[in-house]
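Each of the next two complexes has subunit A plus one more chain, namely subunit B in the first and subunit C in the second.
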Partner chain A sequence: MISPTLLQPPAHLSPSACIQISQQAPAFLQSHTRTVLPYPLSVFSSGETQEIWQAYETLLLACLRTGDDKSASQCLERLVERFGEKNERVQALRGLYDEATAQDEAALQKVLEGYEETLKEQPTNMPIRKRRIALLQSMERPTDAMTALVGLLDTSPTDAEAWSELADLYLAQGSYSQAIYCLEEVLLVTPNAWNVHARLAEVLYLSSTASDSPGNALKGLSESMRRFCRSIELCNDYLRGYYGLKLTTTHLLDTLSKVPSKPATATSDPVFGELAPPSLASIQRLNELATAKLAEIVRRNTAGEKGWDGYEMAEVIAARELLDRDTLSIQR
Partner chain B sequence: MRFFVRSSLTALRGAAFQGHPVESSITGLDMLGMNRSMYRTFTDVNLVARENYCANPEVVTTPTQSLLATPTHSRSSVVDRSTLVMAFHSAALNLFGLILLFHAVYSAYEHALLPPPTSHPPLSSSSTLLSSLNPRIDLPADITLETILAVLILCFGIVSGSPELRPVEWAEWAGKLEREKQDLTDAAAGAGGGMGRNPYRGLDERVGFLDIRGARREFAAWVREGGGGAS
Partner chain C sequence: MAGPIEQQIHRDPALFYWILLPITVVMILTGILRHYLSTLLQTTPKKQALLKMREQRHLMRARNMIINHAQISKAAFNKRKEWFADKVKEGTLLESGPDGKAKGKPNPLSDPAMMDGMMGMMKGQMVMMVPQSLIMGWINAFFSGYVIMKLPFPLTPQFKQMLQAGVGTRDLDVRWVSSLSWYFLTLFGLQPVYNFILGSNNAASQVAQQMQMQQQGNPMAGAEDMEKIFAAEVENLEVVEHWYVLDGVEDRLLAKFASSI
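So, the complex of A and B:
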């Protein structure tokens, strides 16, 4: 029986979870020794399940992170043995291993050249193309990475993961409008992804706080608020969504009270123009709703209520801080 | 009531009623919550595993897929007490209902073997019909009642033993995913078991673009800060 933690997809584990997983590696490798029967008999041996290979991959990534390169190479060996050198996913994993164990810049450069060599032979090898982009980014060459990523999206424009990555790259460069465009593309592919709605709202919020003209800021803020509302509509009790809703409505209330002159006259063409900014009353009510909901989530989570314990600790703490800030400003 | 007693006596004598017991034992096990994943090992031949792995499960599996996938109710190893009690109740009810049902069926069978009472008035149409085609529906009321009762008990037992329903509404389902700590043992059952994971998490943490060197540095920094000693 494989431990369930090994079957979690491996990205972005906390360091402590990561070390726990990688500590299981030697025992796992020991217990799953290869006993390969000759071909017709191997069909009947049911020792192999899909979960095993997922577990190997998780172990490989965890071991690479914790620096247990020996176990990692063993995992990789088994995957290669099973699926062959030519398997695209295995190729990408091997590249990952080479990247992680590269000692200096020269070695990294060599890995990069290896990727380009592979891509010359099979330009449609998506996992390797993605690895190459990730490596370029890791080597602090963001413009090259962006060019490569745009090229990848030209050939495969429905790859939501790549659009999302490109959005992050643009955001890191501070080009908000491009990042917003990319996230909207992601939403075209996966219109129900509540976390992408929230992400888009966050980027809109950032861009509106960065813009100088109050009109643009107001537009960005109300758009951001609507996106947060959509993410909450798609997902009840979404802490990130309510946090953002509270933040944007508070800002909007500030902005609107400062510029009370012409909120209603901004309405343009009802078909093609932008939406009018929301009315003050509805913003007020949304703000109250967000406050109540956040308070409920924080309360029930800290009380350790069953069914409410899945939130990230950091997120709950941030939400509590936001609420505290609010009460402080009221007291003053 | 006479037939009731009589049939149970014959049953006690061990009269064989071939066919049914075998079938019943299978359905009975199924009803008693036999884990379907136990059968799965037969289908997990190498080729299946290999193909599925090579096909590279996309980063975004649509949630409808994971919702529609065949439910394998995996029993987690740590079941809390109430679930155990519930499972025991439903198993007992099912067993009792099955016994009752078989008893009723067997009683009806025995009853059909009896010679027709002589006082039975011949039907007017019996002259044109073969006597074997003419069904005598004069089942005693106790057998009928027993059958109905057995079916009701079985219905109740099966329903009470079924796994917890998953929310149908999108927002509710998504909210549950966000709110609750995911049961890892459910994740072990694959796409079908439990609630599954947030299918869009792959858009936030992109495994394809994983920056492994950055992750390594981060981990090393964490260890240097003394995080390793704390754990």
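So, the complex of A and C:
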């Protein structure tokens, strides 16, 4: 029996969970040794399922993360044996293994050249193209990575993964409007991804704090607030959403109280859309809602209640800090 | 005597051992053979060329844009719409590039990729046709005209044609099944048996294969005029009535949580 964590590992694996998975590797490899029967018998013992290969892949990734290169290489060997060297996914996994075990810059450079060689032969090999981009990024050549990503998105403009990667790269460069464009593309592919909505809201918030004209900043803030609202609407207990909602509403209340005459009546702004600015009362109430929800999440998570323990430690701490900031300013 | 008299035919039990059983076993074995033959003859699907893929995905993106337009603001939507319309006008999204616009529809017979597809279909057809006709001939030659079994339940006379093919007796009760009809019954009814032996995605059954063929459609239809499809997509984008999912979202959210705070 294969445990479910091996088949569908959570997308964001914490180090401790990762080490737990990789510790299963030697036992798993032991128990699934290939027993080769002579020909007429081997017909009957085709006990292979898709799950086994999925488990091998998960183990390979976990082992590479935890530095168990020996098990990783065994996993990879079996995958290669089964699917052949020419399989795209296996090629990408092999690349990943080579990258992880590379000792110095020169070795990485060699891996990169290997990727380019492969791509020359098979330009449609998406896994390898993505590996090349990831490698470029880890070799700290973001401009090259961006060029490669733009090229990839020109051939495959429905690739949400690539779009969000590009958004992150643009964000790191401070090109907010490009990052927003990319995240909007992600939303066009996955319209109900609340984390992407929240991410877009975060980028909007950043861009509005960086913007110089108060009118634009206000528009950006209210758009960002609405995005956070949408993300909460899609996922009721989304900590990041509430955090952002609280942050933006506090900010908005500040700005609006400082600027009594509302400058945001011009509703045909080309960048931030055409929605009327939200009313002060609803901002106030959203702020209260966010505070209440954040407090609830922090309280229940700290108490270790069942069903409330899935949050990231760092995020909960940040939320508590935000709440504390609030109470401090009231006390003053 | 009340009720119709049940027909009694004394069958030699050898009929069971020498006709019914062989036909069934042979049918199952052909199914298995067909499964392995078609796996053997399968050509690996050819990879799409880079430009073809680009063309398809840009089309997909436009369709996504139509479906999910509510996620982005009107300004952002218009920007993308104009970009797409421009590119379609220039023809840069087409596989053949802007120069290929005028060439029009290629002849499917001259396209090697097309020929590959048709060869694959021919092979599939052959694998189905050859054993089928062989067995049909075998049964016709050796077992035609035998009544080999009696169904344990009554049937209406309409089934006579189906169950008594090759036996020209008008008064025979419908419950008697001829050898040829048994062949047809096994031909169409063995899918569950194959599922049991070969797993659920087997290629043993005729019927399933034929259905698949129909779904695939005519191979000639593959070469549509992409330019026209893109133009239609531009029009579809043009008529989208934009609404924005963020419109009034704060009120919706407040209403949703009105009870809990």
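Just so it is clear, the second predicted complex is superposed on the first by the 304 of 332 C-alpha atoms of A that agree within 3 Å, B and C clash if a C-alpha of one lies under 4 Å from a C-alpha of the other, contacts with A are read in each partner's own complex, and residues count from 1 in each chain.
Keep in mind that, in the parts below, a residue touches a chain if its C-beta (ideal position, glycine included) is under 8 Å from a C-beta of that chain, and two chains touch if they have at least 3 such contacts.
Predicted, not measured: the structure shown is a model, and the values here were computed from it.
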Three-chain arrangement built on subunit A, subunit B and subunit C clash or fit: fit
First, second, both or neither for A:158, with subunit B first and subunit C second: second
Which of subunit B and subunit C A:233 touches, first, second, both or neither: both
Residue contacts on subunit A - larger count, subunit B or subunit C: B
Contacts of A:134 with subunit B and subunit C, given as first, second, both or neither: first
Touched partner set for A:191, first subunit B, second subunit C, both or neither: second
First (subunit B), second (subunit C), both or neither touched by A:118: neither
Touched partner set for A:18, first subunit B, second subunit C, both or neither: first
Cα-centre angle that subunit B and subunit C span when viewed from subunit A, reported as a multiple of 10 degrees: 50
Which superposed partner A:65 touches (first subunit B, second subunit C, both, neither): first
Contacts of A:292 with subunit B and subunit C, given as first, second, both or neither: second
Three-chain overlay, closest Cα atoms of subunit B and subunit C, distance in Å: 5
Touching both subunit C and subunit B, counted on subunit A across the two superposed complexes: 189, 233
Of all residues in subunit A, those that touch subunit B in their complex: 2, 4-5, 7-12, 15-16, 18-20, 42-46, 48-53, 61, 64-67, 82-83, 87-89, 92, 96, 99-100, 102, 126-127, 130-131, 133-134, 137-138, 160-162, 164-165, 186, 189-190, 192-196, 199, 233-239, 307-311
Subunit A - residues contacting subunit C, complex: 122-124, 154-159, 181, 184, 187-189, 191, 223, 225-227, 229-230, 232-233, 269-275, 278, 282-283, 285-286, 288-289, 292
Contact footprint of subunit A on subunit B as seen in their complex: 41-42, 44-50, 52-54, 56, 59-60, 63, 170-172, 174-182, 184-185, 187-188, 190, 197-198, 200-216, 218-220, 222-223, 227-228, 231
Subunit A-facing residues of subunit C, complex: 47-50, 53-54, 57-58, 60-61, 64-65, 67-76, 244-247, 249-254, 256-257, 261
